[in-house]
Amino acid sequence: MNSDPAEKFSQDDALLRVRGLCKAYARRGNWAWSHSRVESLRGVDLEIPAGESLALIGASGSGKSSLARCLACLEKPDCGEIWFAGRKLALEDVSANPRGRPKIQMVFQDPGLSLNPRLTATEIVTEPLLITGWGAGADRAERAAELLKLVGLGADAGGRLPSQFSGGQRRRLSIARALAAEPILLILDEALAGLDLATQAQIANLLLDLQAERGLTYLWILHDLRLVARLASRVAVMDEGRIVETAPTAQLLRDPQSPPGRLLKESILTTPLWIS
Amino acid sequence: MLSRPPALGAQSEDLLVTTGEAGRVGGRLVASWHSEPKTANPAIALDVVSKELITLLDADLIHINLATQRTEPALAKSWAVSDGGRRYVLELRQGLRFSDGQPFDADDVVFSFNLYLDPKVDSPQRDLLMVGGKPIKVLKLGPYRVEFDFAQPYAAAERIFDGVAILPRHLLEQDYENGKINQAWAISSAPGSIAGLGPFRLKQYVPGQQVVLERNPNYWKVDAARHRLPYLDEIVFLIVPTEDAEVIRFEAGDLDLLEKVGADNYALLEREGGAHGYRLFNLGPGMEYDFLFFNLNDLSAKHLPEIVRKQEWFRRREFRQAVSLAIDREAIVRLVYRGNATPIWTQVTPGNKMWVDEAIPHPARSLEKALELLRLGGFTRRADGTLTDSQGAPVEFSILTNPSNAQRSKMATLIQRDLSQLGMRVNLVSMEFQALMARAFDSYDYEATLLGLVSGDADPNPEINVWTSTGGTHVWALAEVHPLPPWQTELDSLMQSQTALLDFAARKAAYDRVQQIVAEEDPVICLVSPNVLAATKAGLEGLEPSVMRNYLLWNADRLYWR
Amino acid sequence: MKLKFALLGLALIHVLVLGAGFLAPYDPAEQNRDFPFAPPMALHLVDTQGHFHLRPFAYAQIYHPESSAAVPYEIDRSRMIPVHFFVKLAAEGGMGQSGEWRLFGVAPPHRLFLLGTDDFGRDQFSRLLYGGRVSLFAGLLATALSLALGLVLGGLAGFYASLPDHLIMGASELFMALPWIYLLFAVRAFLPLHLGAQESFFLLVGLIGLTGWARPSRLVRGVVLSARHRDYVLAARGFGASDFYLLRRHILPEALGVLLTQAALLIPQYILAEVTLSFLGLGVSEPAPSWGNMLADMQKLYVLESYWWMFAAGVALIPVFLLYHLLADALQQSP
Amino acid sequence: MMRFVLSRLTHSLMVLFGVSLLTFAFLKLAPGDYFEQMRMNPQISPGEVAALRAAYGLDRSLPVTYLLWVKSVLRGNLGFSFAFNSPVWPLLKVRAANTLLLTLTALLGSWLLAVPWGVWAAARHGGWLDRVSSLVTASLLAIPDVLIALALLALALRTGWFPAGGMHSLAAESLGAAARWRDLVWHLALPVLALIAGLLPVQIWHVRSALLEVLDAPFIRAARGHGIPPGRLLFRHVLPVAANPLISLFGVSIGTLLSGSLLIEVVMSWPGIGPLLLQAILERDVYVVVAAVLCSTAFLVTGNLLADVLLHVVDPRIRAM
Amino acid sequence: MDSLLHVQNLTVRYGADGQRPKSALCDVDFELAGDEALGLLGESGSGKTTLALALLGLLPPGGSVERGAIWFRGTNLVAAGPRVLRKIQGAEISLVHQEPALALNPVMRVADQVIEVLRAHQHLTGQQARAKSLELLAEVGFAPESGITDAFPHQLSGGQRQRVVIAQAIACRPALIVADEPTTALDTAAQREILVLLRDLHHRMKLALILISHDPAVLAAAVQRILVMYAGRIVEDGPAAQLLQNPSHPYTRGLLRCGLPVIPGSAQARRFDCVPGEPPDLAALSPGCAFASRCPERMEVCGVCAPAETRLAQAQRVWCFKYE
């Protein structure tokens, strides 16, 4: 990590800067005539300073996941620029050259879908190392064990399959895999959704600890504003493929300026409906 | 022979009066074919079924009686030979009419022969009508008299006329002149457009299902009681693609007769026949025989070094003789044909009563003698029993068979085992028929082949192409070998000379010598001749079963239901 | 449980046929020309007098070649043939390996035909065991070949979509439509005359296997098309994984379930395909037995009507098919 | 829809073109030709055979032959049968109709049997009835089609319940329309049964596994929770969803309509395309084979198209894609 | 209190072949009045869903009621045959599933799915059923002209699908609706809508409601009384307001600490302080209190035997040695 150029650029400059990002999907199946384009991102501008926790909120279908995928270089945006750690990402070759990829990783929404059910925990965590050609076999195994321990999975976890873990443990596994690629920016796409409160709290704690330990920058994608309040320092509200409002969390929760922001605030289950 | 019954026919109809008891008129006979007839046109018919159909629809000038295997008058009521056997003048029956009612005369005969001989028509019959490499000349001498000129004396001249169907000029001349004769008389043509002089005429063709023939009202034969033949109103041929299905349908009563049935199914019918009152016919050995031959072609033009190496063995008489001696013909008769076959050592089967040479020896199977012969031929046996040639190479070769012929495949398996007792390693290569033919006749890429041949006629003349070195059916050596072995030279001259010998005894002597050479030299190793087996329902009379095709239906005009 | 049962059963059957060289009393090619179509001989422990014998025995059969009965054999209860265990094979002809140990046998000149004989008097029991080798392994290998081809081609088509997809799927449709019989003729034409038992076995496997990739490839393609968009594939891409890595590690294993189901359906089909191939002369050539060519014998009316024991190969196939069926079922349930 | 159908049609044409080309190539590669069989006849000279080959254009090279054939196909002529000396299409037409009658009936019958059977086996999944059903289907798989056909014929012979092959009784001509129909149905019974016995095991397997998958789905549990009775559950909820793989299978089975019954037709003397094709294949009556293969491919292509359209109608999810 | 449902000592075991049996429910005992809204609170694996399925007689294969009874309007559902059950399922007790996307038939139009339920229990003509289904869909907020009635499930949003499921659930005017985590799969806006809808229906239709959730905030929004479950057992039972403000059981307390009351102005990232550890393996429960291993107030007796019910003030019950 020390030799990475990302370390060298100054703190006042944003770690990630996005300008005018747009992306449209062609929807098609077997049916040639049913081509249609769904504009998912319509010019997104965004900046994340290093070490910050930014939460991206918005109704479903507002383009959050699409933005996350473009930022994690999983998809190629149609237009716009992404600057990361002072370097402009060439959008054409995001999938080529594993070693030269930017250190942006993503933790997926549903680990049930993002962990291959046929691979053991060790295999899953080793995957990024294997792909980037990191170390020898034994080194990788050792590193995998370290990572599993880091996210709080027991010593016996390595040989188990995803289906043999609980929901919370799968989240941990997912985080361990993302960490294996030594990211600077971690995109957490609904990483806490679908968990019991207790587990949610545990995972959130884990992520907060990791951030504190390693100086990671987080881009949270969340739908529960109660979590936003606790986890993010700044919030960006997305609506219909654009970012319509960015503000410090407290300010936004107190007094959202944009209509989508207001709508989101209203939906928070604060006042018990019944007890009153 | 000439007779003029006043009761029948308006003008002078030269009808043929048959002998034998009179039958009952009427009824329908249901028979079967494995495949559909492809055409009713004798000029192009190739397949057996079409030819069988044509023998029922059409008639020839001189006919071979399949029961006696001798010729007898047909459309020609008499003939005269002159010019040392080079000129035949045939007297035709007068007043006959085709099945469509139109009259028949010498013009039809001349038309028919010219059509068959026309190189543009490409009739498969054409070769048959070439004598001494030249076409027969046909001349009309009068309305009912025709002259045929041969380029050289021809022993089997009378037999040439058998099977040459006389066509109605009035129906086909137009097509012939327009160059469309090959498209005429397809099986799907309207029945009314087809006419002949045979006992039946086409009534209906249902594709894939059946062909129905009905009585030809103008047929030119009557029985002793002056009833016009044929007796049967109709013959129906159902298309039944396999023999097993035929047997089942025969047993179910759908079919009235099985013209030819395999030994296994015959045994099945024999077992159940008593209860159903079938009439089973075991006619004894037929004209068909199975044989094994080695590749003796001159392969210098082909690149087949492996086979050339093995030809060193195949060309040794001792080798071929040893193989012949080691084959258990009795086992073939017993296991393949359930006893319904006869072992043979030369090409003429016991079914060919006129030409068979009784003096041919029937050596019993003997491994000792075979091994002795092999030793003389320079072969030795290793300690483990493997036979090796003088170079020390093990004797191993393959036999081609076609899987569609179950009997031959079985035979091959027996031979494989027989020869293994000599220390020969035999591989069986099974290949469907066309591919096998292509190897045997075009590429010569084979070592040994098991085949069957049917003589279409009892006479040796058509066999000339089999036994002379230049013949097209000289299967074991189509690419001629130089120099010819002395026995082949002798075969060539014997076959050539017998064609011109008009004296039967002299011809027989020549042909006996041919048989002897084949038995001694084993260019083809003759194995067995299966019996002709057939079955009919009880009540069908007038049958004169023949060992030649059409076994039961050759005299369909005389068959009747009791 | 189910899985174990199926695997055990299949293993047992395969061990049985692999052990043919010891379990079968005779060489499969040995002809007993004096015993064509002999019926199966029952083993007894108790004789006609009611005496119990520790050593199993069979009664001799007398062949009446002149009899017109369907099965012209008569059991001679006065002649007992005791069965011996661990015997040496007697030398016979040029093919039998003399001196081999066999599990059981009877003293020559007697013969023991547990499942009767075929038209050459060859022991059906021995042929069944030896033939199973060819058929079971041909079915297995041919299926493996088909599935491997289907996996690779279907995987490529599903993964790359667009042009490769069009090409491969077009080809698969072609393959399904083509008249195989012709290709087989053509192939035979190019082959050398001599094919040893092994070569013809691999030829058989190759031919059967090559013809069958179209269906599995289409199924694999379907699976791959959906697997391509799974999150874990996306995640691996996020680490910079190559296409090959994704296919090998994540996408193709997904198709495993489909393939196993296909295997359970294809293996029986392929074992029986040899019946057709024998018809074309492309099957296992004589005198080697296979279940396919043994069943082909049954397809003759007189055999069907008279010699029920010739169906032994068919009966042997039933448990094999059942077990494969069960195996696929069990594998389907435990993804 | 139109565009889809059009694009599929062009694709289909490509497939047909490919099939015809490859079939031709195979034919040329396979040894021997139609006139090879004449060589065994001692009465026909090799020269005569060569002349016939030339007359029928068999001496020409593959590309030339193929181009000539394509030209004649474009003029609406599918080729010429050497054996019948007549155009192929009329030969094929009549027999194809008979084959379709047979195979369509069998297809219909087998689905009518396979669906309830598969449903029944799936409903009793793991029980002993399911096992018995597996045993029956495995046994059916173990018997080659031809053997089934032959055994049925032998049975027909012993019992006299069914005719022993053929399509009509000889007396059919003289019967009234109703009796003729009855006669036809009577003759159809056995070959249809033989075909069904071959089709059934695989179909049952597919129905059963498709059903098992759906029976496990949460929406079926939900429907049960709504108190929907079992019969309605099956027909209204399970089957429509389980139909997708079955529709695809159905589409594929249309492709085998022409070729699937070949050997059974031969054994049972059904006057369909089977005996004609088998003989044409063995005799190398090239154009008959090419035409039959082409027809068969056309069926396959149509079947796939039909399945796609059906899927589109049945499954709204596909429509949305 | 007029009791509609009485669950008596219900014990359910799962024992798929070959595996160790799991006791998914153990001596669950509670009553429900005909107009009551009851919340079930607990982590996943605490037996909430098993209870819901048991109430509808829909236990998956391998699951069986070992002892106890479920009395519903005088019928013991545990002992009832399939015919009797079918009369009750969907008609008198209906279930709202967790995942509306999976609970709807993918190839059936929305209105038809509602009609299916109606026809399963009522004899209606096609037209009547259609009219009724439109009425029901209107009741859950779909105007007939919205076109949603003829849509397929995949064309709807998560919230809309859940409304359809609810329309199915109320189709036959049941006496009890069991809603199993009906909002978990939804985003916050839809979550709120559905809760409001359920509460309204409860009021308007006078039906009993059992709402299952792991989120106290969800329950607080919609129910009067809460049962807290842990490892298949009820650990606390009481009126919602009281239980949420003043939890007694250490587990309830821990759980509520994980809850996320919004504290405006305090946007600092902060660690959570709540129940540590993971829920126990139901197949290998030790004797004693199931929560003992995670309990911050564990006593020696907790590891020895299971605590019994202790009644506290105001209809609150708790199962904990602290109060014995």
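Labels for the chains are A, B, C, D and E, by order of writing; each one numbers its residues from 1.
Everything below uses one rule, namely that a residue touches a chain if its C-beta (ideal position, glycine included) is under 8 Å from a C-beta of that chain, and two chains touch if they have at least 3 such contacts.
The structure presented is a predicted model; accordingly, all values stated were derived computationally and were not measured.
Path length between chain C and chain D in the chain contact graph, taken as the least number of steps between touching chains: 1. Geometrically, the chain at the heart of the complex, using CA-atom means, is D. When you average the Cα atoms of each chain and compare centres, the chain farthest from chain E turns out to be B.
Spacing of chain B relative to chain C, judged by their CA centroids, is 42 angstrom.
Chain centres here are Cα means. That of chain B falls 91 Å from that of chain E.
Remark: chain D and chain E have CA centroids separated by 54 Å (rounded to whole angstrom). Computed centre separation for the pair chain A/chain C is 54 angstrom, with centres defined by C-alpha atoms. In chain C, the positions touching at least two other chains are 185, 189, 301, 305.
Looking at chain B, residues 244, 248, 404, 432, 435, 438 sit in touch with two or more other chains.
The touching residues of chain D, when paired with chain B in their complex, are 30-33, 36-46, 48-49, 51-52, 55, 81, 83-86, 90-91, 94-95, 98, 150, 153-154, 156-157, 160, 163-168, 170, 265-269, 271-272, 275-276, 278-279, 282-284.
Within the complex, the chain D residues that touch chain E are 217-219, 221-229, 232, 236-237, 240-241, 314-317, 320.
On the chain E side of its complex with chain A, the touching residues are 37, 43-45, 157-158, 184-185, 187-189, 191-192, 195-196, 199, 214-218, 220-224, 240-241, 244, 254-255, 258-272, 274-276, 278-279. Of all residues in chain C, only 230-232, 234-242, 245, 249-250, 253, 335 touch chain A in the complex they form.
If you check the complex, the residues on chain B that touch chain D are 30, 35-36, 38-39, 41, 44, 46-47, 119, 122, 124, 126-128, 182-183, 186-188, 206-210, 236, 238-242, 244-245, 248-249, 251-252, 254, 404, 432-439, 441-443, 451, 453, 456, 462-466, 471-473.
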